[in-house]
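Just passing along the structure, written as C-alpha cells.
Labels A, B, C and D are assigned to the chains in the order they are written; within every chain, residues are numbered from 1.
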Amino acid sequence: MEVCTVGGYEEVGKNMTAVKIGEDVFLFDMGLNIPGIVELQEEDLLDYASRAKNEGGQKKEVKRRNTQPTEQKLREFGAIPDDRILDKMGWRDKVRAIFISHAHLDHVGAVPYLINRYPRVPIFGSPFTMKFLETILENERVPFNNPLKTVQPNSNHVIKGKSGSYPVDFIHTTHSTLDCVFLALHTPEGVFFYALDLKFDNHPTMGAPPNYKKMKELGKKKVKVLVMDALYSGTEKKPGSETIARQLVEDSIAKVRGSHGALFITTFSSHIERLNSIVEFGKKTGREIIFLGRSLNKYVSVAMDIKKCPFKNDVKLVKYRKQINSTLGRIEKHRDKYIVVCTGHQAEENSILDRIVGGETPFKFREGDNLIFASSIIPVSINIAAREKMDNKLKRLGVRLQKDVHVHGHGSREDMRDLIRMLKPKHIVPSHGTLQQEIPLVEVASEFGYKFGETSHLSSNGKLLHLD
Amino acid sequence: MEVCTVGGYEEVGKNMTAVKIGEDVFLFDMGLNIPGIVELQEEDLLDYASRAKNEGGQKKEVKRRNTQPTEQKLREFGAIPDDRILDKMGWRDKVRAIFISHAHLDHVGAVPYLINRYPRVPIFGSPFTMKFLETILENERVPFNNPLKTVQPNSNHVIKGKSGSYPVDFIHTTHSTLDCVFLALHTPEGVFFYALDLKFDNHPTMGAPPNYKKMKELGKKKVKVLVMDALYSGTEKKPGSETIARQLVEDSIAKVRGSHGALFITTFSSHIERLNSIVEFGKKTGREIIFLGRSLNKYVSVAMDIKKCPFKNDVKLVKYRKQINSTLGRIEKHRDKYIVVCTGHQAEENSILDRIVGGETPFKFREGDNLIFASSIIPVSINIAAREKMDNKLKRLGVRLQKDVHVHGHGSREDMRDLIRMLKPKHIVPSHGTLQQEIPLVEVASEFGYKFGETSHLSSNGKLLHLD
Amino acid sequence: MEVCTVGGYEEVGKNMTAVKIGEDVFLFDMGLNIPGIVELQEEDLLDYASRAKNEGGQKKEVKRRNTQPTEQKLREFGAIPDDRILDKMGWRDKVRAIFISHAHLDHVGAVPYLINRYPRVPIFGSPFTMKFLETILENERVPFNNPLKTVQPNSNHVIKGKSGSYPVDFIHTTHSTLDCVFLALHTPEGVFFYALDLKFDNHPTMGAPPNYKKMKELGKKKVKVLVMDALYSGTEKKPGSETIARQLVEDSIAKVRGSHGALFITTFSSHIERLNSIVEFGKKTGREIIFLGRSLNKYVSVAMDIKKCPFKNDVKLVKYRKQINSTLGRIEKHRDKYIVVCTGHQAEENSILDRIVGGETPFKFREGDNLIFASSIIPVSINIAAREKMDNKLKRLGVRLQKDVHVHGHGSREDMRDLIRMLKPKHIVPSHGTLQQEIPLVEVASEFGYKFGETSHLSSNGKLLHLD
Amino acid sequence: MEVCTVGGYEEVGKNMTAVKIGEDVFLFDMGLNIPGIVELQEEDLLDYASRAKNEGGQKKEVKRRNTQPTEQKLREFGAIPDDRILDKMGWRDKVRAIFISHAHLDHVGAVPYLINRYPRVPIFGSPFTMKFLETILENERVPFNNPLKTVQPNSNHVIKGKSGSYPVDFIHTTHSTLDCVFLALHTPEGVFFYALDLKFDNHPTMGAPPNYKKMKELGKKKVKVLVMDALYSGTEKKPGSETIARQLVEDSIAKVRGSHGALFITTFSSHIERLNSIVEFGKKTGREIIFLGRSLNKYVSVAMDIKKCPFKNDVKLVKYRKQINSTLGRIEKHRDKYIVVCTGHQAEENSILDRIVGGETPFKFREGDNLIFASSIIPVSINIAAREKMDNKLKRLGVRLQKDVHVHGHGSREDMRDLIRMLKPKHIVPSHGTLQQEIPLVEVASEFGYKFGETSHLSSNGKLLHLD
C-alpha cells in the first residue's frame, strides 16, 4: 500500500492524505491551514488569510469578495495542501473518490480551491459535513462538476476503481462538531483506517458514543494502516466528556442569575453540542438568546437543514453587519433581556468580540456585565497576548469573566491506546500536528511493540510511504 | 477580633486556627502534617512517622503499638500544630470549644495527641467526622474527658462563653469525603468564617451541593473574617465535579470488560463518593469486590455506622495482614473473579500496593492484569520518583495501567471568587498551603478591592492577627 | 524605625521607599513603572506611556513634546509612585534628602514628575546617575530648585536633619549600568540598608566587583532593616558575570566574519559595559560602528561626560530621525561596511528595529544580513508575541539571527544569601517585584532563621511598616 | 552509503553507529547505557548495573568481581548496543576499524563486553580515550587481540579495507573531558562525519577551541552524512564556556574563605578541566586537596599518564575503601585543613557522598561545613528525589550548600547551526537522545532547507539507512 501524506503532517492544519492501490487513488480530507491553531472557524480563517496579505496590519474592514485568495496565493502562504506532488507521481488522474471526515475547515476548507483539479471525482461525507461543504462552495461561488455524495454515519459505500471495488465504512465517532466519521477503506492488502480527528467521548450530550463495535470488528480483520490524530499524544490525562462542558456551562450561567448586566457567551461556531447546552441553560434565565455573526449562522443553519438542531426555535440568528449593529444597540439599552452568543474567544482581530471590546459597536461593556468564555486559549503566542490584553481591558471595565468553560476536542494517550487495541493495525502513522506533537504517539505505540521505522512512522508533507 | 493562625499557614497540613473574642477562645481543626501532601490517609501517615524515625530506611514491618509517637517527638518533627503559642498568650485556659471541619487527618489527626491539653473542652463536628474521631481515639487508646458533640450539617449550635453566647453554623459543603462543613462563628464583632477545605461541587454523586443559600444570607450580615483554603489559588480552571470522576471510573472499568486478568483499583480511603462509584460500576462486571487494608476499612466502617454507605452490602472488607495475605493468595488463583480496591496510589513504601508490586505477597501481577489509579500523583519529588519506578515495573510485567481516573478535591480561583462574592468578608486570610501557594489568593482578592496588608493578609504559623 | 514602602512592592517598577527617624524622612529612588518589565530604557518607556494613551493603538509618529504626560495622568495609569501617602501621614514636609540608587528609569524616571512636591530637598546619587538625571530633567524642561549632589561610590556623606545627623554610605555595587550603589543610612536605631538592584558580579568587564568589605563592616554594626531586590529570589542558579556576556558577544561577532551582509546588534541603551564589549569586538571586523537612536545617544553621552566611556572615539552617534534615515540609506548601499547598534530588542512598536523590519526606513533586511540580540526576551506576553512575529519575518527574509547573547542584571538566591550573611540585618523586606516574585525571598530568609511576620516581611505599595 | 544506527538513537546512552562502504564496515563508539542519564561516570554505572540485579534494593557492599555482568545480562537489560543486527545483515565480518570519540562510558564503556565479537579489528582513539580504554579493559580482565591505536587529535589515519582505502580525520573538539574528537571518514561517496558529543567551547580552560578550520575545509568537499549529538537541540541559549564554570568555581571557593568547617566539592570524575579549576582555586585556601574514590582516581591517573594533568603534584589520591575511611577519620578531626573532592553529586546510592551523608563513614557533616556541587541535577525523577532528600538532610545539619556551580557539556541549537553551516552535509542524522530529544534538530535543519524524510532523518536503534 502506498500512502502519500500530502498535508497536516508538519502542522495543525491543511489535512490531506492520499492512498494508492493498484491504479486507484483515494483522497482523505482537503483542509486549510492556520499555523498552530487546533480548531478554527471559517470567519476567523478567511480574515486571517486577508490580514496576512495586508502587511501593514492596519485594522480595516475586510472586503470579502475582493480579497478572495487565488490558488497560487494560497500555495505561497502554505494555506492549502500542496497536492502538486500527486501530479508529479502521476496519481492525480487516478483519483476515484474524495472522503471528508468532518466539517472543520482544516479538513474540508480547501475543497473550494482544489476541487477543479479533480473534475468529476465524487466527494463523500456525512450529512452535516456535506451540507457545510455545499454552503462554502456556494459562498465561494466555485463552479464544479463533482458529485456530492452524502452518506450516513455507520453505513458503507462501495467505490468502483480500475483495479477493483473498494468498500468504505463511514464509522460514527465523536469530536467537537456533528456527524464526525472515521473512514475505513477495504483493499485487497487490508484496511486503510483514517482516524482524524480523534476523541472518544462515551457520554456525549447529543448522539451516541463512538461505534466501538465496528472498530473491534475491523480489528479482527486485517487493518494494514492506521493514520491517526496525534495532537494530544503527549498528554496522559483524558480531556473529559462533553457532559462535563455541559455542567460547566450550567454552572457558569447559574452564577449570572440575578445579574442585571449583559450576558455574552463566546464559543466555537461549529460546536453544535456546546451551543445546545448554552441554549438549554440559557433559556432558564428568561433572557432572549441571540446568535451573532456569519460563522455561527452558517454552522447553525447547516444543523437546521439536516434536522440536528434541537434549539432551532429557541434562538435568533443575526448575520449581517448592519443587523448586528442595530441588535447590539438594542442590547445596550436592555442589557438584562438578552444572552448574546458570538465568536471571538481567541481575541482575534476584527472578530465581533474584538470590535465590541474595542468600542466599535453600539454596545459597550460596563460594570456588572458578564462574559463567559466557553473555550480555552489556544496556546500560541498571538492568542495569549491578545487575550491577555482583552481580559485586562474587560476587568478594568468591571466585566465579570468566566473562563475555560470548556473541554477540548482531541483525545489524549488513553484514547490512542484504545484505538490501537481495537484495530491492531500493522502500521501506525501519526498525523495532525508538528513532528514534535506527533512523535509521542510513536512512544505510545512502542508500548504495544510497534518499532519506529518499521511499523510506526513519522512522515512529512508530501512524503510517500511504502507500507508492506 | 484576634485570630491566631496556629498551623497550616506555611505548609499543607497540621491545620489549626484559634479565635479570641473577649475572654473566650475557639479552636478550628487540629490536624497532622505530612510535608507537601494534600490529602493523606491515616495509615500512610503513621507509617511515615515511623519510617522517619528509622533513619536507615530499612524495609521492615512497622510495629504500630510500639512506635506510637510521643507529643514531644511529634513537635520535634513538626507533625502537630505548635499550640504552645496559646499558653504563651494565656489563651489555653480560655478555650470554650473545638470545631473540626472534616474527617481528613490534616484536620482531625492531631486531636489524640493534643486533646489532654484542653480538658473538658467539647469537640464539635459532623456525624462522619465525629465517628471517625472516635475511631482514631480508640485506636490510640487515649484517655480523655472531652465531650464529643455530633452536629448535623446545616444546623446551628450555641456555645456559651465567659463574655457571651456564640451561635455557630455548621454549613454543609463539598470536598472529597463525607459530611464536610464550613463553620461560621457569630460574634458581637461579626462572623468568623472558617472555609477549609474549599471545593464547590454543584453535581456531587452523593448528597447535596454546598449550602449557598446560607452563605449568601451570612453575606448580608457582617462577615468580619474569612479564613479560606488557598491551595489551588494559582489555578484558573475549575477542577470538575465528582460526577466527572464517576464517568471516568465508569469508562475505566468498562475497558476492562472481557479481560481475564486481575483488576485492582487504588484510591483514597476516605473518599466514600469515589468508592461508591467504583462499587457501582464494579458490580456490573460480576466480580466480587474486596476492600483491602486497615485504612479503607476504617473509613468505610465509619460511613456504615452513620448509614451513609450505599455499598455496604456489596463489598467485602479485609483488614488484617494475615487475612490480606490469604485473600491475595485466593485472588492469585482466581484472578478474574475479583476487584481489589486498595490504597498505595502514591507508591508509598510499605503500602499494600507497594508490597504487592515488590513481590512480598502471595499475589503477583502479570501480563493481562489491570490496575486503575483513581487518583493523581501528588506532585512532590518522592511520589513522582516512586510512582515512576512502580509504573515502569508494572509495564514491564505487562499490566495495563489506567491513570488519573480522578478529579481532585480543592477548588480553584473561580470557587474562591464565588465565596468572596457570597460572603463579602471584611478580611480575607489565606490558609492551607505554603506562603507561595497562599499568595495568589491575595491577587484574587485584589480583583474585589481587597488591599494587601489591610484587608487581605498573609499569615504564618503562630502569628497573631488583630483584625478590625 | 518606620518604613513606608511607597512603590515597587507589587510590581517591577516605580521604586520608591521612605524611611522616618524622629522628625526626619529620607526617600530612596523615585522610579517609573512599566508593568512587568524588568529592565527598561527611556525611549521605550515614554513611547509606552504615549501609546497607552492612544487607545486605538494606531501606529503613528509620537510627538514627544505634545504628549508629555501630566502628573495626574501618570498617577491614573499607575506610572509613578503614589507618594500622596506621605502627605496623608504628614511626612512630606519632613523629607531631608532623596537618594537615587542608579540610572535606570524604574529608579530615577519619576523625578521630573515628582520633584516639585519636594522643593529644595537635595537629591544624591553617583556621577553617572546624577548626570543622567540632569539630562532627563533638561529634556523634560522641568523647572526645579533642588540641589543635585553628586557623590562618588564608596564615599560617605552626612545629612543634617531635625532630629540628628545621618551619615550615609554610597557603596559601590554591580548591576547592568554604570555607577550603581547600595545605600546605608546610619541612624540611632541602626543602619537602614537599601539594596536595589542587586547583582553580585565578581568579574565585571568595567570597574571593580561590589564593595564586600564595606558590607561586612556594616554587618558587624547593627543593620536594622535590609530592603532588597527580590526579583530573582525564585531562581537558584547564578545569572553569571558580565564577562560571560563579553565572551558571548565575542563569539557572536566572530561568527559573522566573512559575511558581506549587514550587521545589526540590539541591546539595552544604558548597559555601557555591554556596549563596550560590542565595540571592542566590533572594531576587529573593520566595520564602522554606528549607534542609532535617541536613547542610546543619551546614555552614551552621559558616560562620556563622566569619562567612563572607553569607546568614545570608536563609535558614531546618530540621534535624530532625519539623520537616522539618511544613515540607514547609506548602510543599505554599503551593508558590509557598518555595524549598527540600536534598541528595539523587545520588538517594541515604533522602536528603530521595529520600523526597519516593518519596511519603514530606507534600509531593508535581506538574505545574508545578520542581527544579534544582545538581550533576552522579557517574559511578558506582549513581548513574546511581538518577538515571535518579528523573528519569523526576519527568518523568512533570510536574516541570520543570534539570540540570547546576554546575561541578565539581577542576582538570584545565592547573591541574596551572600548579602544576608554579610549584613546580618534584623529585618528583611523584599522589594522590586510582585508579591509572588518577592515571597521566595521570605523562604530564603527562613534558611537563616528569619520568621515571616516578625523579622521577614511582605509589604505592599503605600504600606507603613513599624520595625523594632 | 549505508548507515546502521545501532544504539543511542532512542536513549541517552550505548552509542554505536556502523557505516558500510562496499565490503568495508566501520564502527563509531561502543558505549554503555544508563537510562536517561547524560553524563555518567564509571563507578556509578557499574554500581547501577549491580543494583539493578539486586531486586530487593538492599544497601550492601557491592562485590565487584563477583557481580561482573555477562554479555547476555547486559543485552537483557539494554545496557549495551544490540550489535547482533550486524550479524543479521552480514556486516560483522566486514568490520575494518572501531573508532572511539571520547572517554565517557556511554561511548567507550561497552568495548570490554563486545570486543571479542570483533577479533583483531583495530580500535582507534585519542591518547586520553585509549589510555582510559586500556584501564577499563585491565579492570575487567578481558583477554583480547585487538590492536589499540592511539591517534593524536588533528591528525589523519588511513584505514585499508577490501573495497579501498579510507582516510580518517580525528578532529579536535571540546566537550567535558579531555581529547575529544569528531571523526571524518573519507569515502568515494563523500565524507561520513561523526559529531558526538557536540559542544563548541571557544574559551576552554585547557587546550584549544574546536578545529573549525578543518571543519570548514571539509565543508568545501562533499560531506555526505552528518551524525550529530542532538541532546540539547530543543534549547536555544548557549550553555556557556568552561571559563564560566571556572569563574563559578573561583567564586564558590572564595565564599568559603574564613570558614573553619570542612569543605567538600563534588563533581564529574572525568572532567579534568573542572578538576583543574577546583585545584587552582583550592590551593589558594591553603588546605590540602584530597581526591576521594576509585572513579576519580582512574580518570586522573589516565590524565597523568598522558601528561595532561596540570595539578598532578597538588592533590592526594585516595582510592581504596580502607584508606578512604581512615582519611575521612583524619578530616573529621582537622576539618579546616582539607578540601575533599569526590563523586556522588546525583546522590547516587552507595556513592561516597551518599555514604558520608548517611553516617556510614568516620566523617560526619555538621554545622558550619561546606559542600559545593560543581554539577547540576540530571533531570530524571530518581535523581531529583534523591538530591532533594540529601539536600534537606544537609540543610538540617547546618551545612552550607552551593549548587549548580556548573555549565554542562552539550551544545544547544546555535552550536548545531554552526556545524551545519561549516559542513554543509547532504544528510543529517540526529543522535544521542530519545526521539523526542532528537526531533528538534530536524526543525533546526529545516531552517537550512533540509527536508524531513529526504535529507534530515530520524532513526531508531538497529535501523538501516540508505542515504544517497
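The definition used in the following text is that a residue touches a chain if its C-beta (ideal position, glycine included) is under 8 Å from a C-beta of that chain, and two chains touch if they have at least 3 such contacts.
Predicted model, so just to flag it, every value in this text is computed and none were measured.
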In contact with chain A and chain B alike are the chains C, D
Ranking C-D and B-D by C-beta pairs in contact puts on top C-D
Computed distance of Cα centres, chain D from chain B, in Å = 47
For chain C paired with chain D, centre-to-centre distance based on mean C-alpha positions, whole Å | 42
Which chain C residues touch at least two other chains?
-> none
Per the touch rule, the chain D residues reaching chain B in their complex are 55, 359, 381-382, 384-386, 388-389
Could you please specify the touching residues of chain D with respect to chain C in the complex?
-> 202-203, 236-238, 240-241, 243-244, 247-248, 250-251, 254-255, 395, 402-404, 414, 418, 447
Sites on chain C touched by chain B in the complex = 10, 435-436, 439-440, 442-443, 451-454, 458-460, 463
